Amino acid sequence: MEDKLVIGGRELRSRLFIGTGKFSSNEIIPSIVKSAEAQVITVALRRIDFESKDENILNYIPDDCIIMPNTSGARNADEAIRIARLARAAGCGNWIKIEVVSDNRYLMPDNIETIRATEVLAKEGFVVLPYMSPDLMAAKRLKDAGAAAVMPLGAPIGTNRGLRTKELVKILINEIDLPIIVDAGLGKPSEAAEAMELGAGAVLVNTAIATAGDPVKMAKAFSLAVKAGRMAYFSGTGTVKEYAEASSPLTGFLLDK
Amino acid sequence: MEDKLVIGGRELRSRLFIGTGKFSSNEIIPSIVKSAEAQVITVALRRIDFESKDENILNYIPDDCIIMPNTSGARNADEAIRIARLARAAGCGNWIKIEVVSDNRYLMPDNIETIRATEVLAKEGFVVLPYMSPDLMAAKRLKDAGAAAVMPLGAPIGTNRGLRTKELVKILINEIDLPIIVDAGLGKPSEAAEAMELGAGAVLVNTAIATAGDPVKMAKAFSLAVKAGRMAYFSGTGTVKEYAEASSPLTGFLLDK
Amino acid sequence: MEDKLVIGGRELRSRLFIGTGKFSSNEIIPSIVKSAEAQVITVALRRIDFESKDENILNYIPDDCIIMPNTSGARNADEAIRIARLARAAGCGNWIKIEVVSDNRYLMPDNIETIRATEVLAKEGFVVLPYMSPDLMAAKRLKDAGAAAVMPLGAPIGTNRGLRTKELVKILINEIDLPIIVDAGLGKPSEAAEAMELGAGAVLVNTAIATAGDPVKMAKAFSLAVKAGRMAYFSGTGTVKEYAEASSPLTGFLLDK
Amino acid sequence: MEDKLVIGGRELRSRLFIGTGKFSSNEIIPSIVKSAEAQVITVALRRIDFESKDENILNYIPDDCIIMPNTSGARNADEAIRIARLARAAGCGNWIKIEVVSDNRYLMPDNIETIRATEVLAKEGFVVLPYMSPDLMAAKRLKDAGAAAVMPLGAPIGTNRGLRTKELVKILINEIDLPIIVDAGLGKPSEAAEAMELGAGAVLVNTAIATAGDPVKMAKAFSLAVKAGRMAYFSGTGTVKEYAEASSPLTGFLLDK
């Protein structure tokens, strides 16, 4: 069976997207990408220094990856739109992860501004992946606005708190006919596996890898967990039962002999 | 780094042990073992029909596996001891998983009888792996009695309910200087990964694989999840935070330009 | 200490709001209200039959209660606004709970339409309590639009699934300077207590009471639980610890004698 | 309906047992007892100074309470038995809470030694309430040994971690025909309510009250929560559903008019 994730017309083998923030240095990024077997890499446009050759984070991303610039720093739709256009003009391609955040404590995304930005950018031919607070009706509007996928948070960004929004993410998975990519909050591979078991199309992980004791190993751990969760989703999990059931019939072993 | 699990003097590469009950037919077992990359396979002695060549489940287990007969059906220590001796006499080797169960509804193991059986069998040279209800003081006694590992349940056997006893299993992991192998109850790969992230030495899975829609694929999913969890444990997970933290510095993107 | 909840200028003693749907008959409602010690009662306007004396649900609500008509059945802001005006014109007072739902499976509220309706109705002098999907930025906009409180769901309405959105509701409690009233999904008194312990201003319960074996007793149970949770919130809960701590010093009892 | 808890032939109105350790001073204890509406109060025998009038904690416990001395400090059955006998000889009555703990980090009880002490003391006419690690087979033996109730822990003592052992406690409630009293670990009223909703006979709380900001108010909060949980248990909770269900029929409100 071919289980490809298709976004913006691209067939992706990897369902683990990664972010590039918070690493101790850019030099570790190629090893992370390789270890994660990641294809889609998000980079904050404001972190790209196009004038410096050494510092330019893009130089550290392998050529066969899809760069997904994000609009981190945008506080409303207009700023997100400007950043997206700058990214494309700078040669970063036409994928854009929209992040619109004006809350300083939890960095919660602004769904309404995100919908507005999605409408504009999808019309301009971008492959738009909006970061969002999980909410069914907002996700429906993002789909209508032309989003290529939706990216609900599992917990506030950078917290490693896990898939705390499971109840709402499950509803998106069941009701929205787009890939659901859980972004932000996943802190451990088991949590990424859980998201995939529910039917998420992919997950995006940054902090959990960047703040791990051994980021390269953790990238590999997430990669395996995502595959495990996806396989389990396809395989179909067994029924959860209230009472025990013996793996073998219980009675009479010794009496029979 | 070599991360080997050593039990009874054997170095194991695989931290996913599997059970052989509940499969639709024995013929699927070789594919399951291969897909799970399992080395240790548990078989209820009472399910072994030594007289029939076709039906003998042992014929379906690859030669390089360790057979771990279990005493399923034993209702007290004496019965478990007899079954263990029968197993060894029948050529099943000297590993034994002790299961002593007299409760018919939840099939909860009897720690006291299990300790007694462990004492006797360890002295007789068995490599004893006792299935237990997670309890620190019982685990200490199992260690003193000569257990090679302890196997606390995650939830009642056959329920697919997950790692419901996490609080108590964590205590065993922290306090008992033996491999802790979570056995029973794990229903999804994410739950196996979680057990490994906590520091479990291995997990044993049977029902979740046997009752999956595609058991061979699910065996593979568990195999990946166990590796993911183990890697994450070694890598060291990042701190869980209350408030959000941006992956990139928040302020001033557009103003700076 | 006076711990009053003030909404729309009214001082409320009771932090348990109740709904009137799903009861076997209207005749049980007075006992439910009394047992719940409820002051605020929500009624779907469409369930009010102003022409029939017997059937009119309003006749079953004690005089000292605040009727909070809701716009159940509205699929967009305009319909909600019309229902609100009808309710006021019919003498139901100026409180209005806005429900805008166009999703038929999970009945998830539409935050954007809800914000629009809130803006219009607050300007018209209504005391507006919007039912919402928990989302920080939507709650900020509801506050800016003039909402008197916000009512995030704990789980989809009618499911008794509990406070599944805790992560997001906590953020509203911490960041929004309005009473946060958890509405929908709470299935057991312990879940209502938990919401109150987090700092919710009130909870609204309907299905859990109406579908209980003994609704009058369950109403009382919720009433006690809400008080318990509120008291605990004010009292301040003790620290959660990783390791045990004896209630009394551990060492030397018998040796000392 | 009379819903009395009967233990050792005594009819109890209150299902909230309290402990007396960790309070800032003994002088607060009468207010705590009153606020908690507690009848059964546990005191570590070693904290009782029979020679000092002022310091004697027993002087602070109202006359109509049942003193339940505990064997805190005992590291094995023999020590627990000696402490129990000392307590009775000193006039503390014939109730005894057995605590046998030799683990210094999590203070986990020793079920095997506890069963031994229970056997001896029950035969001597004590009303024995053993503190235990939740385990079905150990609970069965405690019942056979003559325990008047069993007291499984919710989490390690003093941690305020909540009902982390729910899976195992539920099994005790379903299978053991004795009052199940959840002791240790409950940190918030909602957690006490949850234990009662499951069918626990009572809960014992100490640390959560003693370490609260306002212990007297917190005692009251726990008292209400325990009543709420018990009422909900008797009332019967409604079904938990996967999908939403409107409190009122969804269609056609405005169209009908």
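Brief remarks on what is shown
In order of appearance the chains are A, B, C and D, and numbering begins at 1 in each one.
Everything that follows uses one rule, which is that a residue touches a chain if its C-beta (ideal position, glycine included) is under 8 Å from a C-beta of that chain, and two chains touch if they have at least 3 such contacts.
A quick note: this is a predicted structure, and the numbers were derived from the prediction, not measured.
The chains touching chain C as well as chain D do not exist; no chain touches both.
The minimum number of touch steps linking chain A to chain D comes to 2.
Placing every chain at the mean of its C-alpha atoms, the farthest one from chain B is found to be C. Interface comparison, A-C against A-B: more C-beta pairs in contact at A-B. Inter-chain spacing, taken between the CA centroids of chain B and chain C, is 45 Å. For the pair chain A and chain B, the distance between C-alpha centroids works out to 31 Å. Contact with two or more other chains is made by residues 105-106, 108, 156, 161 of chain B. The touch graph of these protein chains is a ring, one cycle where each chain has exactly two neighbours. Shown are all chain pairs that touch, namely A-B, A-C, B-D, C-D.
If you check the complex, the residues on chain D that touch chain C are 19-22, 44-47, 72-74, 79, 82-83, 101, 104-108, 156-161, 187-191, 193-194, 197, 206-208, 210-215, 217-218, 220-225, 227-229, 231-232, 234-248, 250-254, 256.
Of all the residues in chain A, the ones that touch chain C in their complex are 102-103, 105-106, 108-112, 133, 135-138, 140-141, 155-156, 161, 164-168, 171, 174-175.
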